[in-house]
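Look for chain A in each of the two complexes below; its partner is chain B in the first and chain C in the second.
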Partner chain A sequence: MKLLKYIIFFIICIIQSNLYADNNSILIDKISKNLRCLICQGQSVYDSQSEFANSIKILINKKIQEGNSEEEIYSYLKNKYGQWIVYDTEINKKTVYLWLFPVILFVFGGILIIRKVFIN
Partner chain B sequence: MLITQIGNYSLILGLFLSIFFIFYLILILYGFIKIKLNNIYSILFIQLFSVLISFFSLIYSFVISNFTNETVYNNSHTTKPLFYKISGTWGNHEGSLLLWLLVLTLFIFLFFIDSKKQPKIYRLYTLVFQQIIILGFFLFVLFTSNPFSYIFPVPLEGLGLNPILQDPALAIHPPILYLGYVGSSIIFSASLSALVSKHINNFWAQHIKKWIFISWIFLTLGIMLGSIWAYYELGWGGFWFWDPVENVSLMPWFCLTALLHSILVLEKRSELKSWTIILSITTFSLSMSGTFLVRSGILNSVHTFANDPGRGVFILTFLFILILISILIFFFFQTEENVRENKIYWLSRETSILVNNWFMIFFLAVVFIGTTYPIFLEVLTSEKISVGPPFYNKLLIPFLIPFLIFMAIGPNLKWIKNDFKKVNFYKFFVFIFLCFITFIFAEKFKIKNLFTIILIISSLYLLISSIGDLIFKRKNISQNISHFGFSILILSIVLNGILSKEFSGNMKIGEEVKFYNEIIKFKKVETFNRENYKSVIATFEIENNKKKLILLKPELRIYNQPNIITSEADIKSSFYEDKFLVFSVLKKNNIFNVRYQVKPFMIWIWVSTLLIIFGGFVRLIKIK
Partner chain C sequence: MKKNFFYFILISLIIFVFVLLYTAVFKSKSYIPATTINKKIKEFSAKDLFTDNEIEIKDLIHDKKITIINIWSSWCAPCRNEHIYLMKLSQDSKINLIGLNYKDDRSKAEVFIQELGNPFFKILEDPDGIISIDMGAYGVPETYIIDDKLNIIRKFIGELTFSNYEEIIDIINK
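Let's turn to the complex of A and B:
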């Protein structure tokens, strides 16, 4: 039981630590890593030195200083440039199958294996 | 020029040989002609030889910068170093297809020599299927992407090879990857032929296993080389970005790895016959669509596809025909025995291999859907979405955790039936012990994500378990090495991901920046003139808190033809971390953008992949 207590304690510690707020520049890095540089080939805004990427970085900085949250910045950019700019695909009506298909397939595969092993 | 003619005509000779050969084989199979093995050997050899001649004539054209040839003109330049003139041969669409063709003809020749002990009818059918693929490639090369077309008037200078491709790792990356892809074509033809000639049994499994391991080794090596290249050449310090072009090489790998496991069940227990055939067909279809998709440009953007309708339509038709043929054969020649399902015991090696296949197919599905979904969505709704690294991380990591644990348990189970009481429970205590160690580690390094911690625990578990098997059991060394390598791979990727530190900012010459417990000093910038580029080399000193100095000299290369700037990172690798520095010029004079990264365990990502490959290699040697 002691074991379990420790494990639960540690898990709580870790979940707690998720709540620490990031400071500004880390947030800029985090957001820009998740944005596609629209004029580059397969590079994020963070990784690119192009004019487009630099202007986006400045824009993010400005938005953060105006007090916008991460989500608000994403939705602003999505409105302006479309879904294409954000790497982290959001779950909505059009992308629900993207997330669901693999999982459905996994469940289906599991059923096949169970059939092979237990029934038949 | 004569050399172009020779190349072109020997290619046409190869095409006609292929057509003739298919008819010849069919006549033999229907009993109209008596089989003469020597004739078959000669035809295969002449075909290989003709492709070899045309390949070497293309290399020769590249070496002497023969600009009457359009392919050479488009991809070469007189000032390019000899090594890259040669590697430029397969650094373009036309040449790379010729290389495909060369490997195809080489492999079928080797296959025929190697399969002497197998039934004749099976060998002949394999030749027929392989020749259909070869014929398709001949037609594709000659009619849509001929590497020997003339250009007139003859230009004085070529357009040059894209400088980021002028790199040793990328020079050998395509041939190695192709060896893997084409190896899967042999597996494909052999499976269809085994189906037709009713030869799916453990004897066949033993024989085809060799080819599965060969292709798997080359495919893994090829993917690794591409990744190493991305790491030091693309200048952002990452090695995998879930880019469509990367994904396309990973998909056949998942499928081939599943096959590599399921073939063992077929060999030992004569089970999973249909499933093994399905995996063989899928692996090849994925490899081929991979090469074509990358080459035709459909992946980067759907619109590139329309730019060259001829090629695109050919690709789709050919793929469609091959898949249709295999599906028809699969259903027509399916026997009772192949489909019959025998129950397998729940706690056995067979079940554990099924579990491996289950996860592999899931990983494949994630990558496949992640890569193709945006294409279909854009065609159907004209909405463009990005599916980037976060998608793959979110879907793959939770499943990777049980996968790692199964990888540790599975190989220790017995074939047919494992007594539940004989399962070693001491490993459970190892697991608990590892949990504690990891939590202490996580506290120290302030790792916040719970998933990451569980991932570390499960890969440590696999690590300890495979080392234990390697030392105490020594029953299956090759498998132990590969699984051990995989645990290190996951561990180093995770630790690298969470412990990497990075400085990114603008610096002037002479400036110093403090970064954690190090000081980055920008010393000087020098310029040199090289064979086909101008080189700008910067010198940085990294001083740590013990006053120890490390010198880093990143480079910018300004190529003259085509006029492109590439940045070469300087990387100092050590046992436990890489120091990676790259710089670029900003518009304002004398100010440079500097990016310095400390990446722990980077070298272990490559070492562990080599270990995985080495495990496969050990098994391959043992087959003979």
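Let's turn to the complex of A and C:
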């Protein structure tokens, strides 16, 4: 009976550690898919097999284990390599037109269409 | 009149977009992080390539006004090319030259140094590349000039050239 208890405890420990590893690897994949590789530009860190990309994956794992959040990891890397490293562009002075231009086009196009419909 | 104005705006817009895209075609697409950043290197410790002792970077810098950290690897061809400038720099007693061996095989790194000479005061190991990322590097070779407070004065991405060498000498003699 005692032996059975130990076996069950052992199995639970293995399942727990596997779950933990899985959660970590899902988050590593998620973060690395949103990062550009600086060596193989045009590829994400997730896709790239360059030395840099592999090191970034190790670093993300280390940061997660240290208790850093996804946002903290992004801001750490942005601080090192600039905004360019993340695919998800934030709104700032340099990128405001990038975000505003589609809205302007949409509004402008909408006005044109509405005018056309009402005039006709 | 109104129609002409509309066509004028439309054609201007098309010309504007065409010029914008046409000039973008000839622009370099590769991104290089800023090289002149007034940032600080985070303190780190690493193993000595030859003795395996753990060494704190601040212990290698302490009273030195200027320190050069060169990230290199035995498998990197540009590192081989720039080595001649590092050897020249090592002859200047004012220069505190530290090597950071990036993701390398220890025995191969030792052969590299035996073959080309050792310009470094100390060589530290960065087996998984984490220290280099912490410094803001993304490949080899990269060379950092830092002061005694670990502030980055100048950063060279890629192989050192003769003009880079002269620039380093100027910075040292300032």
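Everything that follows uses one rule, which is that the second predicted complex is superposed on the first by the 95 of 120 C-alpha atoms of A that agree within 3 Å, B and C clash if a C-alpha of one lies under 4 Å from a C-alpha of the other, contacts with A are read in each partner's own complex, and residues count from 1 in each chain.
Just so we're on the same page, a residue touches a chain if its C-beta (ideal position, glycine included) is under 8 Å from a C-beta of that chain, and two chains touch if they have at least 3 such contacts.
If you're wondering where the values come from, they're calculated on a predicted model, not measured in any experiment.
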First (chain B), second (chain C), both or neither touched by A:Q49: first
Partner chain(s) touched by A:K62 [first = chain B, second = chain C, both, neither]: second
Partner chain(s) touched by A:L38 [first = chain B, second = chain C, both, neither]: second
Which of chain B and chain C A:L27 touches, first, second, both or neither: neither
Contacts of A:W84 with chain B and chain C, given as first, second, both or neither: both
Greater residue coverage of chain A in the superposed arrangement, chain B or chain C: B
Partner chain(s) touched by A:V117 [first = chain B, second = chain C, both, neither]: first
Chain B versus chain C as contact partner of A:W99, first or second or both or neither: first
Partner chain in contact with A:G109 - chain B first, chain C second, else both or neither: first
Chain A positions touched by chain B in one structure and by chain C in the second: 36, 41, 82, 84
Contact set on chain B toward chain A in their complex: 234-236, 238, 241, 243, 245, 300, 341, 343-346, 351, 354-355, 358, 361-362, 365-366, 369-370, 373, 377, 381, 383-391, 395, 399, 432, 435-436, 439, 442-443, 446-450, 453, 584, 586, 593
Complex contacts: residues of chain A adjacent to chain C: 36, 38-39, 41, 51-52, 54-56, 58-59, 62, 80-82, 84
Chain A-facing residues of chain C, complex: 29-31, 33-34, 102-103, 128-130, 132-134, 136, 138-139
Complex interface listing, chain A residues touching chain B: 3, 6-7, 10-11, 13-15, 17-18, 20, 34, 36, 41-44, 47, 49, 82-89, 94-95, 97-99, 101-103, 105-106, 109-110, 113, 116-118, 120
